[in-house]
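Before anything else, here is the set of structures, which you'll find just below.
Here chain A shows up in two complexes: once beside chain B, once beside chain C.
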Partner chain A sequence: MEHETVTSLAFSDVVASRLGGETVTLCYQCGTCASSCPVAKITERFNPREVIKLSLLGEKQEVISGDAIWLCCSCYNCQERCPQKVEIADVIYALRNIALNEGYIPNIYSEFASSLLNDGRIVGISKFVENKRPTLGLPPLQPTGVDALRKILFATGFDKLQKQEETS
Partner chain B sequence: MTSYALFLGCTIPARQPNYELSARKSLSKLGIELVDLANMTCCAPPPVQSIDLETSLAVAAYNICLAEEADLNIITLCSGCFESLAMTNAMLKADEKLKVRINRILSQAGKEFLGNKEVKHFLQVLTDDVGLKRLKQSVSKPLSNIKVAAFYGCHALRPSELLKLDDPERPAILENLIETLGAKSVEYKNKLKCCGGLLRGISDDLALNLAREKLVNTTKAGADCIATLCPFCFVALDLGQLQIRSKFKEEFNMPVLHYSELLSLALGIGPKELALEAHKVKTDKIISKII
Partner chain C sequence: MDKAKVGVFLSDCGKQVSEILDFNAITDYVKKVSGVALVGRSSEFWRGKGLQLIVDSIKNGKINRIVVAESLPKLSEVNIVQAVENAGLNPYLVNVIDLKDHCAWPHRETPSEATEKAKAILLGAIERAKLLEPIEKLEFPILKSVLVIGGGIAGMQAAVDLADLGFEVHLVERAPFLGGLAAQAGRFFPTDDCAICIQSPASDVKTITHTSRKCVYRSGFSEIPNLNILTNSKVMGVEGGPGNYKVTIEKKPRYVNELKCVACDLCTAVCPVEVPDEYNARLKTRKAIYMNVPNVHPPVYVIDESFCKFHDCAKCVEVCPTKAIELDQKSEKISLNVGSVIVATGFKEFDSSIIKEYHYGDYPDVVTNLELARMIDGFGPTGGVIVRPSDRKPAKKIAFIQCVGSRDRRYNPYCSSICCMISLKHATLIKSAYPDTDITICYIDIRTTGRQHEDYYERAREMGIKFVKGRPTEISRDPETNRLIVDVEDALLHRFLELDADLVVLAPAMVPSEGTKELAQIGLESLLDEDGFFKEYNAKLRPTETIVRGLYICGGATFPKDAPTTSLHAHSAALKAAKFMTTGKMIKDQRTAVINEDYCGDCEFCPVTCPYGAISLEPTTEEHFVARVSDLLCEGCGVCVGTCPLNAIELRHSRPNQMLAQMKGLMSVNGTSKPLVLAICCSECGHTAVDSSGMAMMKYPANIRIMKVPCTGILQIHQFLDAFKAGAQGVMIVGCKSDGCHYEVGSQKAEKKVELARVLLKEYGIEPERLEMFNMVFIEGDKFAEAAQMMTERLQKLGSLQLMGGSQ
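Then we have the complex of A and B:
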């Protein structure tokens, strides 16, 4: 990873130094995000304003080890409406990236990661489905550029994230 | 003839021949040629962005490079693919430093992102390249008997600053396309709210709760069907109805059709050619209303 977590920095600075996290410190806690959030409307387990607040307060462990950051549905409503132009959905991606780097990852994301490395797709296509294509009148599937993709994943360290998950 | 590189993604070829067939057949009838390029991969959608944003930008950019090499703009059918590719395209075109950073990674795979191509959603190709006027003239079976609830989902519209498909709070592109086919587009409560698709597998309860709200509101509005643009929204609302039935003992029987399927039917393509059996909620009733 290009961004190792630097413990000497305040957590908000760590978040702000990552792709997606740049705008986190602009938040003034107005709550427009929380009132625009479809998930916050139906559960107390996720509230975007809280996630940002805890990040700004330096509550790193609570943020990255909790399940809240994984309950964002990535609808971008909050981001569209934020008067401070905090890119909230992207900040949550940055927080997930940090969490994952430190070994916190929901199972389904592990599956996505290994599918991507092995097949070049996050949803596999079975031979049965592939063989059925001509009978439906669909053209054959083109080969996936999995070799080129792996070179990219090695260059960004994605494969190391994968190994870390497997041993954790 | 206008040609596009078709970015098919993963979910559509894996599970939704109904989407792929209807999109291919309708576009071909409207004079849009689709080119299937070799070596495309996953688009790097939100699950990959969640794992590592830098990787997701590099993977999306790699796929755009393939279209650049073939000198073609990209068309996507899936809103997840649209979001990741169009967002990456816009970000790298606007930010030279980011482009250099991603190109350093791409050089390992012998690629360089130039930024000279467009990424378009299926809907944009219909409005920009075919145009509503010509589309209307091509309709041979107007859908005059049916009321359709337009469902945008999230990633065709947002983040709007980068995607620029339509106004994120008051979009009209899909409603206009529905009415062009002769159908009535019906309004319903919380139309622009998420289907919950990305929470499936993370928290199925929350995901089904969000999908259920769509079904309640579109039923109340008297819709004959919901029109979707994205395979994830389709799964959330179509397969989702079976899960809602077993979990909440509630039955909606609301057909969910991709806009491309409605379009194909209106263009006179027979329902037998469209693999409608891929739908979990039966489409017979709505098909009989159309034909």
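Then we have the complex of A and C:
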């Protein structure tokens, strides 16, 4: 760590004040979450215990600009087994929301977002998939009512987040 | 009652007070107050000539009520009251006040305002004194006998202490043998000696050497003449009150006569019934007639009635050489009257099977520390060999998991405090007996907080025991080899481990025992804390007392404890019980609540509210009942008074008319340009916080007038209104911290009442912020001075209070 880096403990308060982040300060670093985590087992890029520790130590920049928080697969294994009832997966959602507000969003998520704004679907449907459906006996996909959805997305400011991401 | 003739005695505290206050003006003022028969001045009235003047004035009949202004009244009052009593006047007709710390010192920069305040204080005290009434002392008999519930180390130690002191002791144990969890645990840290070693009785018992510790079976413990040991017995009811508890005990049949059995083992040899031995972790079987281990107390077999075939078999009866086996024994009801009760019901291991991912109860090779202790015990089922229960082969790789169900918000949020040491003890014992055993301890934090405890941790590391900082998420089992796999993150190395093990030992939380739960069910539930352990009266000062006099607690019944702490606790409970019973009586004054039966009836507020269970309801007619106060149990706080919707309860020593008279007195003299504030302080933290602000010479304005009540819980909403009516522009309620009230609930009750009253004030057109509750402790004198200043400024901003009809 660089000498002049000043860590801000208040970051844990910021996390705790977010929906889902309330329980973050209960963590005592026992590692049950990490050993429960299927993602941590296969990549060193994500360890829920470390994400929480860094948040508690106020290492905001490292947490929100890194890719760790986006790697959680939301299986909730950790949350089920945490002896301190830290809502770990929900804390990670809170961290993602903070990251998003500050303009950090991985490409895949911004693709989801624009797909949602443009097509009304998180995952775009390819011609291949559309053509495949009848052969499997599935009905053709209905239009998504994207206009109504966009009204909601505009009303909630979702489009602004998107723009912020585009400009950053 | 005689007409009140008040003697007022003004101490200048060696000029400390008279340098600031104008004592001549004060004396002149007091002389003119009606009912004042005498005004005395001296430099001190709590001893010497000053005190003699008080005594003489009583003796020659000049005065029958006394107001003394003295420094440190909470100390000087003791002497004054004693002298008054010796002089033949009822000691509760004395009112000692403080002109130094409550007036002269905090207002030393505005001496004339302080002098006026002193007049107000004295007027209030005199008016109150005139209304004081004599209070009698009552004597309650106390039986010199004690029931000790629980025959583990705590109960045995407490029983020996009290028996040695000559009290009649009944020791009740629900199991057929003494020793409790301790005996099962085998060896203890930090001495690594046996659990069944106890301190020998000091009583003259046969040939026992007095100072040396002994195994319980040779301690002479059972030979103490005034110690009655009841095993296989259960307490069914505890009724009555301090000094005379009526206890019912069910002594279950043992089917073996304790006086005849010679422990020859012929019966177990012929008994055809074999059942898994729960005591020995089901690692062996026992017969239907059995002893846990050979060295138990009493050394008498017991028949397990759920398995014995009784008269259909009766082989044991045939072989018994002393005819000790009595298959027709019936359970016996025993009633006892005892002066006090000591609860020593201990703790037990948490049921780890609730944590599914650890598979306890499912995988046989996952055991608890207590089960491991049975394997370590040479008398145990494996003769000291550590085995895998599944195939009885020696366990070569052992993993311990700490904090199983403890420090876990899903089950038990607390740290059980002894499990780290138990695991370290077990790991080192195993490693010294079988050095090639591979041992790993998975921990969250290692806690070794006790004398010589850290040595175990150090020794464990020296021995090569491995430590992994991490709480395992799961134990799985290799279906082919049956070996266990512990899935854990080594948080220090950032590495995921899959530890394979022959045996996994869980260190479960320690939770309240069955005995504790049963006692709760027979009426002691209110004495439990949120975790189900018995709650002490005060953790710092009264760790082995409960809120109920004569009812003591010790050992694991209060929280998981190691053996040394349990011993300490037991000795403490024994001493407290002895202190309570030693004179055979308790003298208690009637500074208690008294019910006006004309008003009282048909509501249940006071009995529910009383923190001491001192109020009961008694029927008067078929349809009506009234409250009755036990003078023995009542602590005189007045919480009931504050709760009563019918004004049917008063405290003899703090009646509403006494309070009102004092209030009016305090508000009758102003002498400052600032708005008058009545600060009603509880006699505990509130009033002493005022003392401490004065002692530290902190400053606040002289418009703050202090009135003492036993507890803020006594206050009723109309009294706040009375204060405004009497001329107060603002009212401060100063009590203990909500969770630190000396009378348990008084402070909280007052807070709620203030909240309600503020709503009411608004309705009346009075600004609610004129009334506020403050919570503080003695050392927070600064907080009081700040609050007083703040309140004054607030009221100055609000301007003068206009009441309909004007203030008096």
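To be clear about the criterion, the second predicted complex is superposed on the first by the 144 of 168 C-alpha atoms of A that agree within 3 Å, B and C clash if a C-alpha of one lies under 4 Å from a C-alpha of the other, contacts with A are read in each partner's own complex, and residues count from 1 in each chain.
Throughout what follows, a residue touches a chain if its C-beta (ideal position, glycine included) is under 8 Å from a C-beta of that chain, and two chains touch if they have at least 3 such contacts.
Computed from a predicted model, the values in this text were never measured in an experiment.
**Student:** So if we stack both complexes on chain A, do chain B and chain C clash, or do they fit?
**Tutor:** fit
**Student:** According to the stated criteria, A:Asn47 is in contact with first (chain B), second (chain C), both, or neither; which is it?
**Tutor:** second
**Student:** I'd like to know which partner A:Ser55 touches here: chain B for first, chain C for second, both or neither.
**Tutor:** After superposition on chain A, A:Ser55 lies in contact with neither partner.
**Student:** I'd like to know which partner A:Ser35 touches here: chain B for first, chain C for second, both or neither.
**Tutor:** second
**Student:** Could you look at A:Val123 and tell me whether it touches chain B, chain C, both or neither (first, second, both, neither)?
**Tutor:** first
**Student:** If we overlay the two complexes on their shared chain A, which of chain B and chain C does A:Pro83 touch? Say first, second, both or neither.
**Tutor:** Second partner only.
**Student:** Applying the document's definition of touch, where does A:Ser12 land relative to chain B and chain C: first, second, both, or neither?
**Tutor:** In the superposition, A:Ser12 touches no partner, neither chain B nor chain C.
**Student:** If you count the residues of chain A that each partner touches, which comes out higher, chain B or chain C?
**Tutor:** B
**Student:** Just the number, please: smallest Cα separation between chain B and chain C in the overlaid arrangement, in Å.
**Tutor:** Scanning every C-alpha pair, the shortest chain B to chain C distance is 8 Å.
**Student:** On chain A, what residues does chain B touch that chain C touches as well?
**Tutor:** After superposing on chain A, chain A residues 77 contact both chain B and chain C.
**Student:** What residues on chain B touch chain A, complex-wise?
**Tutor:** Touch residues, chain B against chain A: 8, 10-11, 13-15, 17, 20-21, 24, 36-42, 45-55, 57-59, 62, 66, 105-106, 108-111, 154-155, 158-160, 168-169, 193-194, 196-199, 201-203, 206, 209-210, 273, 275.
**Student:** Which of the residues in chain A end up touching chain B in this complex?
**Tutor:** The touching residues are 1-2, 18-20, 38-39, 42-43, 70-71, 73-77, 79-80, 87, 89-90, 93-94, 96-97, 100, 105-106, 108-109, 112-113, 116, 120-126, 129-130, 132-133, 136-139, 141-146, 148-149, 151-158, 161.
**Student:** Taking the touch rule as given, give the residues of chain A at its contact with chain C in the complex, in rising order.
**Tutor:** Contacts found on chain A: 26, 28-32, 34-36, 40-41, 44, 47, 49-50, 77, 81, 83-85.
**Student:** What does chain C use to touch chain A in their complex?
**Tutor:** Against chain A, the touching part of chain C is residues 357, 403, 407-410, 444-445, 469-474, 487-491, 494, 496.
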